[in-house]
Amino acid sequence: MSSKPEITGNEPAPRLNRAAIAKRAARDLVDGSTVNLGIGIPAMCADFLPDGVELLYHAENGILGFKELSAPGEGDPNLMDAGGKFPKLVPGMAFFDSVESFSLIRGGHIDVTVLGALQVSRSGDLANWVVPKRGIGSIGGAMDLAANAKKVVIAMEHNAHGDIAKIVEECTFPLTAPGCVDEIITDIAVIEIDRENGLMVLREVAPGWTFDDVQARTEARLEAADKIDQMA
Amino acid sequence: MSSKPEITGNEPAPRLNRAAIAKRAARDLVDGSTVNLGIGIPAMCADFLPDGVELLYHAENGILGFKELSAPGEGDPNLMDAGGKFPKLVPGMAFFDSVESFSLIRGGHIDVTVLGALQVSRSGDLANWVVPKRGIGSIGGAMDLAANAKKVVIAMEHNAHGDIAKIVEECTFPLTAPGCVDEIITDIAVIEIDRENGLMVLREVAPGWTFDDVQARTEARLEAADKIDQMA
Amino acid sequence: MQLYSAKTLRSVCDARPKDRTIRLVVPINKISNSFSEAVADIPSGASIMIGGFGGAGGQPTRLMLALRDLGIGDLTIIGNVAGISKTTGYGWPDDLDPIDQGMFFESGQATKITCSFPVPGTTNPLSEIEKAWREGNAEVDIVPQGTLIERIRAAGAGIPAFYTPTGVGTSVAEGKEHRDFDGRTHLLEHALTADFALIRAQKADTRGNLQYIGTSRAFNPAMATAARTTIVEVDEIVGIGGIDSERVGTLSTYVDRIVQRETGDYLP
Amino acid sequence: MQLYSAKTLRSVCDARPKDRTIRLVVPINKISNSFSEAVADIPSGASIMIGGFGGAGGQPTRLMLALRDLGIGDLTIIGNVAGISKTTGYGWPDDLDPIDQGMFFESGQATKITCSFPVPGTTNPLSEIEKAWREGNAEVDIVPQGTLIERIRAAGAGIPAFYTPTGVGTSVAEGKEHRDFDGRTHLLEHALTADFALIRAQKADTRGNLQYIGTSRAFNPAMATAARTTIVEVDEIVGIGGIDSERVGTLSTYVDRIVQRETGDYLP
């Protein structure tokens, strides 16, 4: 089971909020790419795209090119996103069935997917579909996306409730896909995964945080990048 | 190679012409079924449907529900049939791509296909795509249709030029599909294939022809049906 | 070029055990007068695909209600996102009480479901499927969504099995054949068929061609090809020519029965 | 439920050697100014899918002519019905001289073709492909049409291999793995990709969504998904919104380059 890292004293500085995590994740999204955002923090990336960046959003249920959602209480059940919300009809959208939708995913045509996680291991294994003690979970499109998107970014809170580590040496939760994660963006750090060498490289920390502060809240062994930047 | 059956004397009566073969084949097509007709005599079946019978014609290149062709010199290259001719646009047609077209075929959703043949064996093997001495041929959709249509009917002339048998004990030409033919309709006979028992049953003969006349022009051993009808 | 005689070839080729039942497409016979009539012959123990994605759009809600009212049991359901709308509102307008596949577990009619998303993230309140599973009354087979739809497509397309990279190194891979292609490991997955498919479309013509709208396609077109009998719920039945030939989403050959909803039905 | 650690699972799962090149869809960059510009970087030795079915409709004729004029050699062509229009008129209006894939064999630029229908029934006159084959200048790989399109589709859809009943007991089955499913023998067939796909559509929007018309779909949509670079010839380029969202036949993600034909081009 997940271990509790030893944390001494209070947090060195406030953690980023969920919107700030999304904003940081959005900064890495390349103009014009085909992107699938998971529910929660990942979906919020769409609200924080840098100027001049336009993405082609894909939803598993068969849309490419949707943008903002309809107002609550409005919207058309026949124009849903994969999270069960109702986007607005915009020009340039394309509708298709689930066969085509998952051909796009499995065929490696999604440039980036941003997903949430329960655990990520040092070698980039991802667990995000079932909590072992519950014994039943939902896979949905997560396994297809994690195994086949060109780039897999995890946007999540660094620790679970009770300061439980989510970034671990080895996942103890059932996997979504092994060795798939490229980058993790949390409320205290940006970590790149060098899968070839099985290394987690800490590239950025939240303002007021140090490598040691982050390592203390991370079960997996971290390497320091040559230069550790401040998240912004 | 194909053997020449021993034929003594002249033909007992005129053979049916190509149109009459098509007409006889058309008689067995069931109202409302999804049908794919090969080029040549099979395609002519469409001109001889019994009253009240309407078929849903499928062409490999992606149409369901076409009917008559445009006049020579007219027609739209974007509305072609699989034989390279141009049908007229009629209500109720559906257009689709080759993936869907062959899903329909391979998935067993074509009720009947009528094809031509170079050779058919007693056990229902079909050879219709390459003449060995030429060494190169075209498969097209023939292997998919022959292997997967619910019913495979061969409509052809009984013998090749020079009285060569086309209905043989075993095919010597490269096969299109083994054990696939249900019925053969020729210019002198209607033969049903009992594949389970490896028997060819002669059910009908052209007017003026007898079992022995047909057997003499057939390499494969024929069984006589309880009652042999006259083709009409 | 070599010559191949049937004798040498037959050694690798069994007789074809394919289904040779000729399925007619006589237009008039496809239209059912009511939802209850359309599902009347579904027996206990049947396997039933239910179309849509999850949520109201594209879900054959009236056919599902008719199936529930039929009162048969021991059903195997094949769906996608299943049974989470009632507890989370997923994919339903705010002003309506959601109806979802959980109804067959609430009623005890279904004993198994194959799907990709059977439970919501939260457990309060418990969904009907999770409740049935916890009480040992339902087997829940959780399949990655892309594998699920591809297995259904395969059944319709005459592909008995295929290899996919999805699920390798997870619990989904247990007991499955693994094989490397171009240095990457894949799983062998098999076609998934069913006795019946209940699907939803916007329009049918009297021949059975279907037109879909927006994201209501989802699992409907593939399920139409994969089940032995396909029953479709539509908003509107139109004459031949009432559907643009460029917009036929399901070919009439795949459709066995069509039922039209009442005009102004309040359910989406 | 069991727990699975990465360590035990990794034994069956190699690292993913997938292509991680991120392909941009910045609209403005997709439009090429000319057919020659659109094909300019195709090197000798490339494998090239050519869309359509055979015949004029759906064939990227202007791209083919530009490719021929590029003068590169040692090409592998992947097509369907190929090189029979010139000698038989197949699929061409009566008043035009047909242009077909035979041009690459006439010019000696292609050394191999994978297709389903490379020669017409008659040999007088010989088609360019048959001539090249007889002279030992071309390898001709003849594949059943349904297997060919499914292999192309598989390449785009991340399926490295699948089983099909088509071709069992024929020369097509030689050297292939056989396997029985439900008592019927099937062949293992592999995905078929290419360096480039030259395809044809009616319309593109500036983002790269494509709309097809009539029977001009054929091999075009699947080839668009399967090649590393997809180049499309269209009659018309429209703005975003100029294609009905319900009628997008190829998603913009698959399209790399678009070239518009001249208005009133006499070629179909």
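Per-chain numbering from 1; labels A, B, C and D assigned in written order.
By definition in this document, contacts are C-beta pairs under 8 Å (C-beta built on N, C-alpha and C of every residue); 3 or more make two chains touch, one makes a residue touch a chain.
This is a predicted model, so every value here is computed, not measured.
Listed by label, the chains that touch chain B and also chain C are D.
Greatest Cα centroid separation from chain D: this falls to A.
Rounded to whole angstrom, the centroid-to-centroid distance between chain C and chain D, based on C-alpha atoms, equals 31 Å. Spacing of chain A relative to chain D, judged by their CA centroids, is 35 angstrom.
Looking at chain A, residues 89, 95-96, 102, 105-106, 125, 136, 147-148, 174-175, 178-179 sit in touch with two or more other chains. Counting partners per residue, chain D has 1, 4, 6, 9-10, 13, 16, 18, 150, 153, 157-159, 164-165, 168-171, 213-214, 245-246 as the residues that reach two or more other chains. Chain contact topology: the protein chains form a pattern that is neither a line, a ring, a star nor a complete graph. Of all possible chain pairs, the ones that touch are A-C, A-D, B-C, B-D, C-D. Note for the complex: chain C touches chain D at residues 1-2, 4, 6, 9-10, 12-14, 16-18, 150, 154, 157-165, 168-171, 173, 178, 180-186, 190, 213-214, 245-247.
Within the complex formed with chain D, the residues of chain A that make contact are 30-34, 56, 58, 64-65, 89, 91-96, 100, 102-109, 111-112, 121, 123, 125, 130, 132, 135-136, 147-148, 150-151, 170-175, 178-180, 195-196. By the touch criterion stated above, chain D contacts chain A in their complex at residues 1, 3-7, 9-10, 13, 15-16, 18-27, 153, 155-159, 205, 207, 209, 225, 240-241, 245-246, 248, 251-254. If you check the complex, the residues on chain D that touch chain B are 53-58, 80-81, 84-85, 88-95, 116-121, 123, 130, 133, 140, 142-147, 149-150, 153, 164-172, 202, 212-222, 249, 268.
Across the complex, chain B meets chain D through its residues 59-63, 72-73, 75-82, 84, 95-99, 101-102, 105-106, 125, 134, 136-144, 147-148, 174-179.
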